[in-house]
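So, here come the structures, one by one.
Both of the next two complexes hold subunit A, though its partner changes from subunit B to subunit C.
Presenting the complex of A and B:
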């Protein structure tokens, strides 16, 4: 690439955002469709790793691809808007019951959320998603990440509205696209149970009944989708190309994730072990978080989406945009956040440094992969810090709501809360 | 070249004279050896000279494969060059003669008298690549341009033009005795060849006078030009050059008034399109290949018809060959409808049916 000869901004923009979004790009889909036209399975070349339903979808809309991605982003924003609006109503209801039952200590009334401050939150959530540079990059790059985000946003909407069938179907669709939304099963279940006033008690039969219902719906839809995909292409190739690809990480193109560098220098002998370790790492946080946050499933959804986008095998900035959209919903936690300056500065700096170090590494040849991976690591550390900061703030607020705002030790002196 | 042509041409009596004219100049290919032998930054102008001649010669048609370019120092990437990757021949930096497509065959310390003589005589080690060899034959016209410094040719050539832009250049050509050689020099014995114009931004002289006026003259030459060597001898009189340019034509067989500039500076091929078949008599060998004229005409017409103009004008969208199986479409949309009605109730059914 000769930078001197680049005249069109479109060309430079293409290469810029190519740095942060490597997967699910449209030209890969076009290639898959072209291979199909030639009578060959699209998974024959090792480039196409999208699900057959995406093939079906794009078969019709490939000529209008930009509009499709823009509409997907708009759909995500609308779904998030409606979901957060409904969630705010739920929050109010709970708060009202708690106030009436006088469960809050008297000095933490300033922590109570008022309708006035929460009026604009749904709009802010939608705007955060639409105006996020990462979303715009993802849309310009025409990455199927936008479609995945739309499905997850619709899933969240259906969960918040309380429709368990639709929630199960969208969750199955999201899992079908990439395996990781499987971890969202637990928070969805918790929220639906909460909504139906079924307590999470292992001995209760109503709990088990609902759980099995939901599980059946989910697994049933997943099976239906997989079987439909089989009928689309009349082969089971897609299982190894899509899910095998996600789980066994054969492609080590540098991206903003953590896998590529590690596995590039891994000996074959240990590869399977470390793949298992890394993949378990993604799914592992579900159980402890669910136990801790079983009263707050929507926050759990936020944390799960964040963990998926940090630890998944092929992250893109579109995944980051989705959980960042939720941040205005936790505005009330602002007073308890400790690292916000550091996190925002590091995220900004790393986003700026990604293309610079990529250029230095690949084109100028004066850096090497360590530089780029350092920025990747830093970026992910900043994200983890962001998520854990919000977790701390949330738990701290809950603690204050039960134990009062000004904490005193047994001898009466002032105490501080530490997250252990 | 010539033998291939004879397979397909048949000469009639009327065409014989034309054919004689066609092959009059005697050469079929052109080579150029451009040498700059001076080193160091203050000899910038010699490199600019050579590169300007290189550029003119390429413009007039001689390809890189037929040019041996020898530059003794690297001005473009010299750390004293305020504009790296450029070599300017005119002040105010109007013309960058280095460009993107310069192919230097001998550079730096490879430019020696010994290598120059080896190139001209062809006595190079067998591992030398083709780009460093002068692969002329006895139908080649060779242009040799020397600048910067201060021999007998044994390489195969048809005609040779020697241009020397150095101090006391005439001393070089006074010693020549090879046949069919024409030489031009920028200065006589005892005179110095002077530089033309300094550039204040780069800080050195950009060109020598003789080459400057020579190149001004060459800029007016295009591949179809009929300027001859007498015009070249008039380039840079004493009033402009201060030194007296000289030339030597006694070893040259043809009259210099008949020699075209493009015979040496360009690679001009004579092409004549004829609709008639021409019989070439001996010594050219010919094969009996009949090609009736009418066949040619019909072929040309059918080619025109075969051009799919209508298709090109009306660009249709690509036809897609793959379609999803019907069972799949049926199953998918049935499921979607089922889910829709389950969620929103059967009361919407009446809106559909």
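Presenting the complex of A and C:
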């Protein structure tokens, strides 16, 4: 049954993809299913690190795997389309109220977003996701990352639509799949509170009531999923094999992230310390970002997804595709971006150099690991600059919307804004 | 007629023996007989292991074995003309005639038979006939408590090489299991005895091999062994912490043999479910008590040989061991020294068990190339020593030279000639040997030393019998990312299919994908009837794959499996990482159909080299084939730059942290240009003076 699914001709293609999408390939799921067929627990070995629900899911749809992955991508695109469309409506409504209340300074009129330019944004977001080469690569390589993206997109859609139960369920599902989406809990809560006009105020009982309610829905569905997994395989092995694998980074196979070479070269007695530092780094930004962006939860979601995809232990190109899909939604920030040209050139160059240097190291033997490592470093620096640039632009636009676009110094000359 | 009479005698002998044994088994409460039977049954069951692997109750096995034996006994007279059952009791010259000759060369032998005198077989016949009369009541005189035998087999190989195989057997009649502390050692090495009793070892097999045995050129070795070091141990079922005992035992053995056995840990230890059954007596077939490990990288040299020689009762002072000079032994194409410890029957009735220690040393010399193209050898040429005496402690000390291919002396000439000839069934083939008995002073002649000399007459030796089973293995693919392990198993039997057990142990850093496993023979899918797969755990345990595959006649069966190479931590690489990593040999175990009837009576007096693997069926014999070890390259990090990598990656993380921290903690402010240095100084002075600032 299993042999038919992964066609042998696709192997060459597959191994090429393996370079960029190390974690969570269908190949590995097939391995898990083959182990189950042999009567061995898929978690007995160290090849399979998917969750039991994924195995259960693919147990039924393994014969239609290609279609499943394509449908997952289409679903992601549709969910993003609807979510962004709804979000744009909210943004526009808010902007209208602010204009009517005359809260914007007069010279900010050119920052006001028009319905005409916002009309195509949802479509652009969907197309940016579907036509992104990273998405296509991920889909062709049959990476389960596509499924995770679909879950996160559905979570965003439900949150934007204001359905707190569905939002909590999808968030729990995303957390269950890979721990990191846990940090999306804060923006979702903030958005839902905002939607219900509940101010974030520690003294208000309504705030506590809703927070408790949402937390319970989230933890409850997470609990149900974990228990369901336990009953599917009747063992808790999957906990260490899925989450322990993500958190303790035992597998150092090269990928596009920062972890693999760092921990391959790490001194043994510092390993635990640095693993803790690197993992805390992913979760660390949630609280300060939530405080800073508590009025803008959707941008917070974008920031969180981007940070996860840069700093997670086994990043794949599919993760990058998801946060990059949001970039058209922020195209009104374009005028405040400082080094978008440089960053996009570096990202493009790195994407092209990944396979080249990989080939030189692994196949041709004429380069060594440092070449490939250098490219991953550069790629990640570019991503970091991209994300922080958007963050900067967003904050700056907000600043201008309150203080006016053309700022003057005390002596009346034209002023420049600086961060202090 | 003589043959038939002899057969009837033998039949009576066997039946009497059996009844006696069974009666004793019922009366006595000892398990020894059951042990013997269950082991025999187990070996027979290897052929259809897929059905059931768990050990059933010994009672059942005993009954089954009983039935089987009785059936054998009943059918004996029926098939007397063909593969004569009775001949497993004794190979006699007479019943050779009544058996159809399996190979052409047997016919040539027959001609030689008339002239030559066969070693001791007639005499033994006479010895045993009275036994059959008095079997149930009076046991034959018990042999000495401890025994030592030594022998050397020399086989000229068809490739022009010489195969020399030493075997030393020490029998140890003791009972260390019952808690009695053994403090007196006669012939058995004390250092080993203490270790074995401390760790409650039931069976211990250890081998150190340098070089690879080329089955297709050299035929089958008497005792196969993989390149490097191999260790497998069955512990007593009283051992509770098997892993702890194994760990300690490997460290102790590492000290005894001066070998790197201390590198055996959980990452290269497996518990095969079917491939390594106990070779001695014993009813323990639960794999929990078995540990198997191979170190393919182990280099074998003098420092391993010296402690091994010290375990012999005579050391290297007397007997055959004087030939073992390391400067010659290690100047060879293949060198393998092994040690096998196991419980065996004390005598032919198997009333009680003794512990058998077999030390073997196999060498293949390439004298053809070193002797300037002259194909001749002598003991002195090979070992730079000659034999002068037997070990005084040895009850038997013999040198066998394989002369099967040379019945008339047309191929080579052997001097000094010996009147003694012996026949033995080894690895499914009947071989003829010239025997030199070292305990007999006449062997040494006037010169008081024995230096056998073999001079070839014909340039070409006859055709070699192709080994019925052999295996090959290689890694396919290129690059350092993935690869494919190919294992080829050849069944060269023209018309018989037989099942083989394939055992593969692959280290964890080659991640096997079991769903890519394909088994094909003759271009068709060959579904294994039994697969036992244990996936690896990173840095904890290796992959273990065992399967039972039916090999069609005259075919090649190819087993392929894809794997992925892992990147290791920089401290996990060997000092020469670009040399590659070794993967131990695959082990192919099989019951191979035999062309001549095998000897199923394991307690009979026969040359040591022919009696190592217990044989249950006459029609087949047990064989183990080791494939080549693999050398696999892994991707390597740059070992020179851990500091650089730590600095650079931390910098990137710091860039991310810094830029976000910047944006999170700071606010936008209108930049006020700072006044120049002169102005600031002027302002300070003005402030001191109390004048308004500029």
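The rule is simple: the second predicted complex is superposed on the first by the 402 of 420 C-alpha atoms of A that agree within 3 Å, B and C clash if a C-alpha of one lies under 4 Å from a C-alpha of the other, contacts with A are read in each partner's own complex, and residues count from 1 in each chain.
The definition used in the following text is that a contact is a pair of C-beta atoms (placed from the backbone, for glycine too) under 8 Å apart; a residue touches a chain by one contact, two chains touch by 3 or more.
All of these numbers come straight from a predicted model, not from anything done at the bench.
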Tell me the contact category for A:224 with respect to subunit B and subunit C: first, second, both or neither. first
Between subunit B (first) and subunit C (second), which does A:36 come into contact with in this model arrangement: first, second, both, or neither? first
A:339 contacts which: subunit B (first), subunit C (second), both, neither? neither
Under the stated touch criterion, which partner chain does A:163 make contact with: subunit B (first), subunit C (second), both, or neither? first
Could you look at A:56 and tell me whether it touches subunit B, subunit C, both or neither (first, second, both, neither)? first
Comparison of subunit B and subunit C by subunit A residues contacted: C
If we overlay the two complexes on their shared chain A, which of subunit B and subunit C does A:281 touch? Say first, second, both or neither. second
Would you please give the residues of subunit A that touch subunit B in one complex and also touch subunit C in the other complex? 33, 38
Inside the complex, what are the residues of subunit A that reach subunit C? 2-3, 6, 15, 18-19, 27, 30-31, 33-35, 38, 40, 44-47, 250-254, 258, 260-268, 278, 281, 285, 288-289, 292, 307, 310-311, 361-363, 365, 368-370, 373, 377, 380-381, 384-385, 388, 391-392, 395-396, 399, 403, 407-410, 415-420
Which part of subunit A faces subunit B closely enough to touch in the complex? 33, 36-39, 56, 59, 63, 163, 165-166, 169, 224, 228, 231-232, 234
Going by the contact rule at the top, pick out the subunit B residues touching subunit A in the complex. 317, 320-325, 327-328, 331-332, 335, 339, 342-343
Write out the stretch or stretches of subunit C touching subunit A in their complex. 478-482, 508, 511-515, 518, 531, 533-539, 543, 564, 566-571, 635-638, 641-642, 645-646, 648-649, 652-653, 655-657, 659-660, 662-664, 666-672
